[in-house]
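Heads up, the next two complexes both have chain A, just with different partners, chain B and then chain C.
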Partner chain A sequence: MNSRGKSFLVSLLVVFILPALVIYVIFSFYGKRPDQRAEVHVEFSADHVASTDHSEFEILQKEFNAPQEVTEACISCHTGRDDEIMASAHWKWEREVEIPGREGKVSIGKKNLINNFCTGAAGNNGSCMRCHIGFGWKDKSFDFTDSRNVDCLVCHDQTETYLKKKGEAGMPATPENASLQFPVPNYNYVAQNVGLPKKHNCGICHFYGGGGNNVKHGDLEEALLSCSYEVDVHMSSDSLDMNCIDCHKTEKHNITGKLYSVSSENKNRATCASCHTDRPHMDRILDEHCFKVACQTCHIPKYAKVNSTKMWWDWSKAGQLDEHDQSYAETDADGNHNYLSIKGSFVWDDNVIPEYYWFNGTADHYLNSDTISEVPVKINTLFGSYEDPTSKIWPVKVHRGKQIYDTENNTLINLKLFAKNEGEGAFWKDFDYDTAAYLGMKYNERPYSGSYDFIASEAYWPINHMVSPKEATLTCTECHSRDGRLSGLDDFYLPGRDYASIVEYGGIGFILLSLLGVISHGIMRIASRRKIRSY
Partner chain B sequence: MKTKKIELYSKFERFWHWTQGVLVILLGITGFEIHGSFRLFGYETSVRLHSAAAWAFLILIALAIFWMFISKQYKNFIPTSKNIKAQINYYISGIFKGAAHPTKKTKLDKLNPLQRLVYLGLIILVFPVQLISGFLYMYYHYPNKPVELTGLETVAIIHVIGAFLLVVFLIVHLYLITTGTTPLTNLKAMITGFEVVEEDEELIKNQV
Partner chain C sequence: MRKIALVITVFALFSGCNRVKQFATPEQMVEQALKIVKTISVDELNKLMDSEEIYTLIDVRQKSEHYHGFIPGSLVIPRGSIEFLIGKEKFWEEEGLYMPLKDEKIILYCRKGNRGSMAASSLVQLGYKNVFTLDGGWKKWELTYPDLTDKNLDMLSGGGAEAHDDGGGC
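What follows is the complex of A and B.
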C-alpha cells in the first residue's frame, strides 16, 4: 500500500473508528438497565402445617353457652398465650411511647386518640369496640385483666362463619339478639377449625375501619381477599396469595408493623427489606435511591386501585333531615355516599396518586390534652426532613375534613355518636351536636364549654400496601421533572426538577450571545470577502 | 512565500480530539436531559449514558495528560502575551480585510495566543471542575465524612455552569475553525493531521 493510502486508513482509524467505538461501547453496554433478578429471602408464615387436629380435642366437643367458655378452653391448653395477647396493642388499644418534642412518656392509641373520621372510639364503644379483640368493652367497667374476655376466635377462625354482632361492643350474637345476618356462631365448629390468621381474619377489622370498606386506609380493603396481580403483587390470588402475617411476622402474639395514624415510635416495624434486602435492585443508581426514598414511593404509584377511599369528610354538613324529619343518604356516581345525615358530606376517590412527605418513622398526634395551635389541625404529624439522615420520602394518604371543636377551650371535641336508642344524646339518633359534644367530652373526662364550631383538619396515613408489578413502577420523570410528583417537597435539590434561575437565564443568555456573535462575525466575513473580491 | 506540508496533529492527538469531541457532545445532550431541559433518550438512559461517558472522558483525559508530558506537547498550552493583541485585532478587523494570520503554526506552536488561553482554561479549570463536581454528583451521596455535603445543590449548580460554558465553547469553536486559510483548512488538518504552513524561518523563530 502506498503511503497515501496508509495515512488515509490511519486517519480513518483515529478520527472515526476509534471515537465511534468508544461511543458504541457506551451505548451498548451502559445504555440499558442491567437485566438481573434480585434475590428475595422469604419464609411464609402461613405455610405452617398444623401439628394437631383440633376437632379431636374433647374439650372442644362440649357445649359452649358463651364465647368466654371457648377462650377458657383455648387457654387450658395454650397456657400463657392470654398474657401475650393482653400485653399487645390489639388488646390495650394504647402503647406507652416517647414522642419527639414531648416530655416523658404518653400512653396513646385508639383508646384515647381523636381522629377526623368519627372523632374517636372512646364513648362510642358499642359500635367501635366491635373491632376490639375482646368481649364486651361497652364502657369503662370492662376488665382488661380478665383473660376470659380475650376473643381467640376472631383472629384464628378458619371457617369464615364467626362474626361479631353490630353495636354489641365485640360480642357475637346471643340467642336473644341473633338475626339472619348475625346468627349465634357455631362455637364447636369454629373452635375445632382454628388456624393461623388469614387475610379475612385481619381484614374483618382492618378493611372496614371508619365504618365501611376502605374508608380509612385506602390501601387495605376487601378487594385484597381476591385481587389481580396489578392490584397487589403479594396478595394477588394469581400469584403468591400471601397472607398478612407473611410480612407482619409474629412471635408470641407480638405482630410486627403498625400504622402511624395511632403509632409514634420507630420500633417493631414490618419492612420490605426484611425479604427484599436494602439493596434489592442489582443496580447502584436505583439502590442509592433507598437512602432517601421509601420502597413504597416508587412501587405503589397509586392506591385505592379497586374501591374508592374517603378523602374528605365534612362534619359541619351533618344533621340535615328530610321533609319527614328522617335522616337520609345521597350517593355519588360510583355508589359511594357523598352525604349522610348522621355523618356529613364526603368526597371519595379511587386510583389516588399519593402525596409525598419526609418520614423518619416517628410521629406526633393531637393528644386530647392539647389545644389547637394551627389550622388545619394536624391529627397526626409525620416527622422528617431532607436534612434528617433517617428520613425517607413516603407516599401518604392525607384525609382532610372539617370536624367539631370547642371554640372557647380551643380543643377538638370527642362526639357521642352511637347509642342504641333515641333520647340517649347520641348524635346518630338525636342529631344534636351540643348534647353529643357534651356527652362525648364527659366520657373522655375533658372540659366542654358549650360553644362549638367546625375546623379544618388533616390526618396522615402512610401507604404500604397495593404494591404494583415492576412494569407499573414510577418512572424517573414522574419525580425528576419540572412539575413532577415531588414538586411540593422542596427542601432539597432534585435533579431534573430544580435549577438556579440565575444560572439558567445567564447560561441561555450566554449561549444566545455567542450564537449572535459568531453569526454576525460570519456575515461580516462573507460580506467583506465579496468587497475584497470586487476590488 | 515558501510553504511546506507538516504533520501538525499526531495520531494520538487526533484520536484525543475527536473522542473528546463526541464525548463532550454526548455528555452535553444527556446532561441537559438529566437537568430537565428536554427529553430525548429517556431520563434513565441519559443517566446511564452520562455516567459511562464520564468514565470514558476521565480515562481519555488521563491518557491525554500522560501524552502531553511525554511528547512535550503541553508547551502548546502555556499562555503567552506575544501576539495576543495582534490576534485580537485580526479577529475584529484584519479578518475582514483579508489580512494574513498573525500566528504561524509549527509542531510545538500550533495554537494562537487566544487558543492557548481558552484551551488552558478548559484543561485546568472547566474539565477538572466538571469532572470533580460530576463524580461527586455520582458517588458522594448524603455522607457527612470527611466533608459534609448537604444535598446536591452546590455540586449540581457548579456542574450546570460548567456545562453552559462548554456549550458556548463548542459554538465558538465550531465557528472559529472556519477561519483558516480556507473555511475547511482547519477541519482537514484535524482529520488528516497535515496542514500546509509557511516556511518562514524568521517569523517562526521570532514567535517562540
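What follows is the complex of A and C.
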C-alpha cells in the first residue's frame, strides 16, 4: 500500500472508527462494578434448632384443664416474657404514634381503626379477636394486665394441632363446644412441643385476615406454606424455605415489620437492605435506582401469584336473601365468593400488577373521630412524593369498595356484624343495617344519626412478599416507556416515558447535524490532503 | 456447476419459507397475535356500549366460566369453537342474533386477555377486518365496572348449559 492509501485509512480510522470505539467503551463499561458488590448477610436464613426438650419438664406433664394453666406453666420458667408480650402491639392492638399533619400523639391500631373489609374489629370481638394473642377478649371487660390471658401456644406450637375456635374471642374449644373441626387441644402434647414461630404460626392470622385466605394482603397467603421458587424466592420449600421471623427479626417479643393498614411511623421496619445491603447489584445504574425505587417495585412484579386476593368489596349489595329468606353464597369462575348475603359482592383477582405510589414509610389513617372530607374515602394514606428525599416508588395493593357511612354526621360507620344468635342485632344474623350500625357505633362510643348510605373507599397495602426470581424482575421498558407501569406517577421526569416533541426532534436533529459535521469535516480533510499532495 | 448452486439456493430459500414458526412460550404466541390484532380498552368499550354503533361482543372463555360473570350483552363462543361458529348462519339463527359481517366490528374478551388475543388473531386470518381484543379482559372490566356485570348461574345448574366442556373445535 502506498503512502496515500495509508493516509486515507488513517483518516477513516480517525473520522469513523475511533469515535465509535469511544462510544462503545463508554456504554459497555460504565456502570459495571464487578468487585464492589456487597455480600448478603446469610445469617438471617439460619436454621432454628430447639435447644430444649420441653417434654422432659414435669410442669408440662401435669393435666391442664384450661389454656391459661399452660401460660402459667410457661411463664413460671420464662419469667418476664409475659411483660414483653403485654408491651407489644400484638397484645395491645394499638400504639401511640405521631402522624404528620395531626397534632400530638394518637393511639391507633386494630383496636380502634376502621377498615373497608368488615369495617372494624371493635364490637365484633367474638369473631375478630380470635386473632388476638390472648384468651377471651370478648368485650371491654377483658383484662389486659392479666398475664394468664397471654396465649403462648398460638405462636410457639410446633405440632400444628393447636387451634382457636371460631366465634370464641380467641379461646380454644372446650369439652362443651368442641367439634370435629375444632377439638379441645391436647395441651400436654402442644406444650411439650414448642419452639420458635414457623410460617403456620404467623399465617394462621396473617394469611386469613378479612375472613378468608389472601383476602387482605394479596402477598401473604397459605400458598407460602409450601410454594415454588417462582412464587417466593425466600419462602419456597425447594430453596431457602425461610420462616417469617428470619426477616422479621425479633427481640424481647418485639417483632420488626410494619403493616401500614394499622401503622403510621417509619420505625421498627423489616427491610430488604438488612440482608441485601443498599448496594445489592453488580451494576451501578441499578444500584442508583435504590435511591428512589423500593426493591419490591422491581422484584415483586405481581402479587397473588397462586390464589386470588379480594380487590373490591361492595357492602351496599349485602342482605339479599333467597326465596326461603335464607342467606346465600355465589362464586366466580375461579371458585371465589363473588356474592355473600352477609357481606355483599366482591371482585377477586390473581397475578395482579400492583399500583405504584411514592411512599416514605409514614401513613395517615381515617380515625374514628374524623369526618369524611373526600370521596373515595381514604382508609389510610401513604405519604411520599418525588420531592421527598426519603420517598421511594412502592408497589401497592389498593382495596376498593363501598361501605356504610352516616349521612348526617358524615362519618364511616362501625357495624356490629357478629353475634352467636339471631335477635342480638348483628347484621350477619338479622340483616338489619340500621340496628347493626346503631349497635356498632354504640360499642365504639361514636354518634349515629340513624341515617345511612354507602360510600366509595380505598385502602392502601404496600406489597412486600412474593419476591420473584431475578429472571422475572421487571425489565427497563416496563417502566421506562410511554404507557409503562409508572404512567400514573407524574410528578417527575422519567426517561423513556416523558417527552416533549421539540426536545425529541431537536435532540435527533443535533445528533444528525453533528454526524454530518464530522463526516463533512473528514471528507474535506481527505479531499484537501489529496489536493495538497497533487501539487 | 453454477446452475446446480442456483437450484440449491432457491430450494433452501423456499424450504425456509415453509417452516412453521416456533414459539418458546405461549406468551410469545400472544405477543405475535397482538401484532395483527387491535386492542380496545374497557373505557372505550363502555363508551361504545352507550353509542349507536353496531358491534358484536364475544366472550371466548368456556361456558362454565362465562355464566359466573360476564359483560352485559356479550355472547359466549369458547375459543375452541369460534373459527367454526363465527360464520355459521345456523348458529346465529339459533342464538337469535345477527351474524357479523367480515368488515363489522367484533370485540373478543376472555379472562385476562390472552385467549381473546389468540382467538382474535384467528378471526383476522379468516378475513375479519375489524376485530378487537379487550385489553385486560373480563377481570379488568369487572374491576373497573363492578356494577356493570351480569351472571346467569341457572345455566350452570343444568338450566340449559351444555354438560360437556366444549373446548375442542367443532
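Heads up, the rule we're going with is that the second predicted complex is superposed on the first by the 458 of 535 C-alpha atoms of A that agree within 3 Å, B and C clash if a C-alpha of one lies under 4 Å from a C-alpha of the other, contacts with A are read in each partner's own complex, and residues count from 1 in each chain.
We take it that a residue touches a chain if its C-beta (ideal position, glycine included) is under 8 Å from a C-beta of that chain, and two chains touch if they have at least 3 such contacts.
Since the model is a prediction, treat every value here as computed from it, not as a measurement.
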Of the two partner chains, chain B (first) and chain C (second), which one does A:332 touch, if any: first, second, both, or neither? second
Is it chain B or chain C that touches the larger share of residues in chain A? B
Who does A:19 touch here: chain B (first), chain C (second), both, or neither? first
Using the touch definition from the top, say if A:312 reaches chain B (first), chain C (second), both or neither. second
Looking at A:481, would you say it contacts chain B, chain C, both, or neither? Reply first, second, both or neither. first
Considering only the touch criterion stated at the top, classify A:345 as touching first (chain B), second (chain C), both, or neither. second
Which chain A residues contact chain B in one complex and chain C in the other? none
Looking at the complex, which residues from chain C come into contact with chain A? 61, 64-66, 68-69, 111-112, 139, 142-143, 146-147, 151, 153
Within their complex, chain A touches chain B through residues 7, 10-11, 14-16, 18-20, 22-23, 25-27, 29-33, 285, 288, 291-292, 386-387, 389, 475-477, 480-482, 492-493, 495-500, 503-504, 506-508, 510-511, 514-515, 517-518, 521-522, 524-525, 528-529, 532
Would you mind writing out the residues of chain B in touch with chain A in their complex? 11-12, 14-15, 18-19, 21-23, 26, 34-36, 39, 41-45, 47-49, 51-53, 56, 60, 91, 95-98, 141-142, 150-153, 156-157, 160-161, 163-165, 167-168, 171-172, 175-176, 178-179, 190-193
Show me the residue ranges of chain A that touch chain C in the complex, using the header's touch definition. 311-312, 314, 330-333, 338, 345, 347, 349, 351
